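Per-chain numbering from 1; labels A, B, C and D assigned in written order.
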Amino acid sequence: MKSTPILLAALLTVAGITSWVMDEGHAAASANSTTPEQDMQAFQRYFKQRFPNVKFPDFANGPYAVNAEMRKQWEEIMQFPPYDFAVDEGKTAFETPFKNGKTYGDCFPNKGIGVRQTFPYFDTKTGEVVTLDLAINRCRAENGEKPLPYQTGVMASLTAYMSQTSRGKPFDIKIPDDPRARAAYEAGKQYFYSRHGQLNFSCASCHVTASGQRLRGDILAPALGILASFPIYRSDWGSMGTIDRRFTSCSAQMRAEPLPPQDPTYRDLEYFLSYMSNGVPIAGPGTRP
Amino acid sequence: MEGPSQFKMPSATRRGALAMLALAGLTGFAGKVWAAVAPGWPENAFKQKSKDDAVKALYGKPMTTSDKITLEVPEIAENGAVVPVTVSTTLPNVTSISILVEQNPYTVAASYKLSDATLPSVGCRLKMAKTTAVIGVVESGGNLYSTSKQVKVTLGGCGG
Amino acid sequence: MKNPSRKTVPMKAALIIAAMAVSGAAQAATQQEAEAALKDAKASEAEAAKLTNRWVPTERALKTAQKALDAGKWDEAAAQATEAKALAEVSIQQAKEQMTAWHDAVIH
Amino acid sequence: MAPTIRVRAQASGDATNVQALIQHPMDSGFVKDSKGVLIPPHYIETLTFEHAGKVVLEAFWGPAVSKDPYIKFGFKGGAKGDDLKVTWVDNLGKTDTLTAKIA
């Protein structure tokens, strides 16, 4: 039973943290009475007020937008960012034809160039949220190729290249007039604000209420624009990672058992977060500590 | 870099390597055999675990502090795995610049040999095990100068 | 306006109770008791999974319990299963509470 | 093997500014993998830059240089279109070289 004291300590810590986080609790309202459009306006207003000195497009740069000391190191690293190798690999993979002679470009509008900002979208035919990563693997399946693993490797390289061709284009996420699309949005919103895992944290505990503050050595990124720089090269990983890799590791850090990559719940979460960030320009691929 | 200088190992090192090779052959620890030393690489200096021993192994002479060296490091490293460090100097006739990290497992992080055409400024990214001093060492006109700065390294693994 | 901090009180209490339950669990156990405890814990974890709220430590305790059971260590298996069960029950309570409590956190 | 070296060399005035990024694990020998086994040391020991037959920088690196290492320096001379040869050798005897054009 050697885990017991640690467990106990963790639980007691959480009890403390809970009240700390909740002290800043927001006025409650019947959340379903607001439209996504109203949610987005409130969401963006919150972060603009919380970080009055951050220019709106700069929210794409996460912790570097809100912390000067980190920004200096980031600018140093951006002189020759370590994701450059991934972008090269992604471009080659993107342009290399499948066995049937077709390419990724054939699966996307505008041949896949400059389209990152439109993902994820709600597919009214299948009734589900489609992320860029999912679209890439569906493209492979349609062309008789095996799916790529979602968290790192070629998938990260492909999305790095596709993001780079989309830099500066503002997030342009739509919620079509379809009750299923609205339900997916609401599910993502609920997941974002719900507490999960042993540490009793929600996504919002760190990336809304405590955003810009230090958690151990790191500065917590504001939720606004938080996906705009993906995929990212994290020094901590020493490699590239996709949004799935980040969601999975966030879950694990909250001591919640991660969902499988591209689980519908994670896709709904990405849909909600990206919609909240409408207008923030794509800045991926990015680097993070 | 040309030529078979690969084999210009000091004899003691070579004997050691040969002994290791024999040992590896006997015990099957084949992985060890592949340890090679690039030509010119100051193997002994990279083994030192203190500032004084490192400087002695690298240069064999004492150093004095100088305000003519600029050491650019972050106050708080965003991640100890990637700490940007730049050493520049206005001292003349610079032949070598080295960077030491005082409490890393091995003190010498990097050492640069400059030609007479090289500008006296080098930047790189280093790993730091914990909060400690980074020391920039400059060899100028045959003499050694240094400056140092503390860099705070905190636990990461979250955020982003 | 509601006081949101009031909502967390039962949660806190549950967390502490769970921790206490865990520390009192190391009793002598038979094979049947260990197997029953593990089955019980797995049932709770299945409910947590339905609520999309499995916890890392619960999964870890379940795995350790299974290993201990396979190795014939009934005491350890029972203790780990009891820990897993306690954790799973708190995760279920957390998920149920959050079904409405999340509204309080929404930016507005 | 995909190229492991990326170089940006820019002539500006009477000097050339050089930045390079190398894809290399730079394993220190102190880090364990996910199974708890120590990853053996694997790092670049020397990195040289040659311009017009002359070594303009020789870097000696150890395990404390970051993964996917980066270097920045400058030298007097060098003109647009000149060759800059970059070579690294690591502790396992692996090596790569690339000749870039100064822009």
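As a working rule, contacts are C-beta pairs under 8 Å (C-beta built on N, C-alpha and C of every residue); 3 or more make two chains touch, one makes a residue touch a chain.
Please read all numbers here as calculations on a predicted model, not as lab measurements.
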Interface with more contacting C-beta pairs, comparing A-D to A-C: A-C
Whole-Å gap separating chain A and chain D, where each centre is the average of the chain's CA atoms: 33
Computed distance of Cα centres, chain C from chain A, in Å: 29
Euclidean distance of C-alpha centroids - chain B vs chain C, Å: 50
Gap in Å, rounded to a whole number, between the CA centres of chain D and chain B: 15
Shared interface positions of chain A, touching two or more other chains: 77, 235, 238
Chain C, residues touching no fewer than two other chains: none
Shared-contact residues (touching 2 or more other chains) in chain B: 81-83, 123, 125
Overall pattern in which the protein chains touch one another (line/ring/star/complete/other): other
Which chain pairs touch, all of them: A-B, A-C, A-D, B-D
Chain A residues touching chain D - in the complex, by the definition given at the top: 77, 79-80, 82, 84-85, 88-89, 235, 238
Interface residues, chain A side, partner chain B - complex: 62-63, 69-70, 72-74, 76-77, 206, 215-221, 232, 234-236, 238, 246, 253, 288-289
Residues on chain D engaged by chain B in the complex (per definition of touch): 15, 26, 28, 30, 40-41, 45-46, 48, 50-51, 54-67, 69-77, 87, 89-93
Chain B - residues contacting chain A, complex: 74-79, 81-84, 123, 125, 153-160
Chain D contact footprint on chain B (complex, rising order): 1, 31, 34-42, 46, 81-83, 86, 101, 104-106, 108-115, 117-119, 121-128
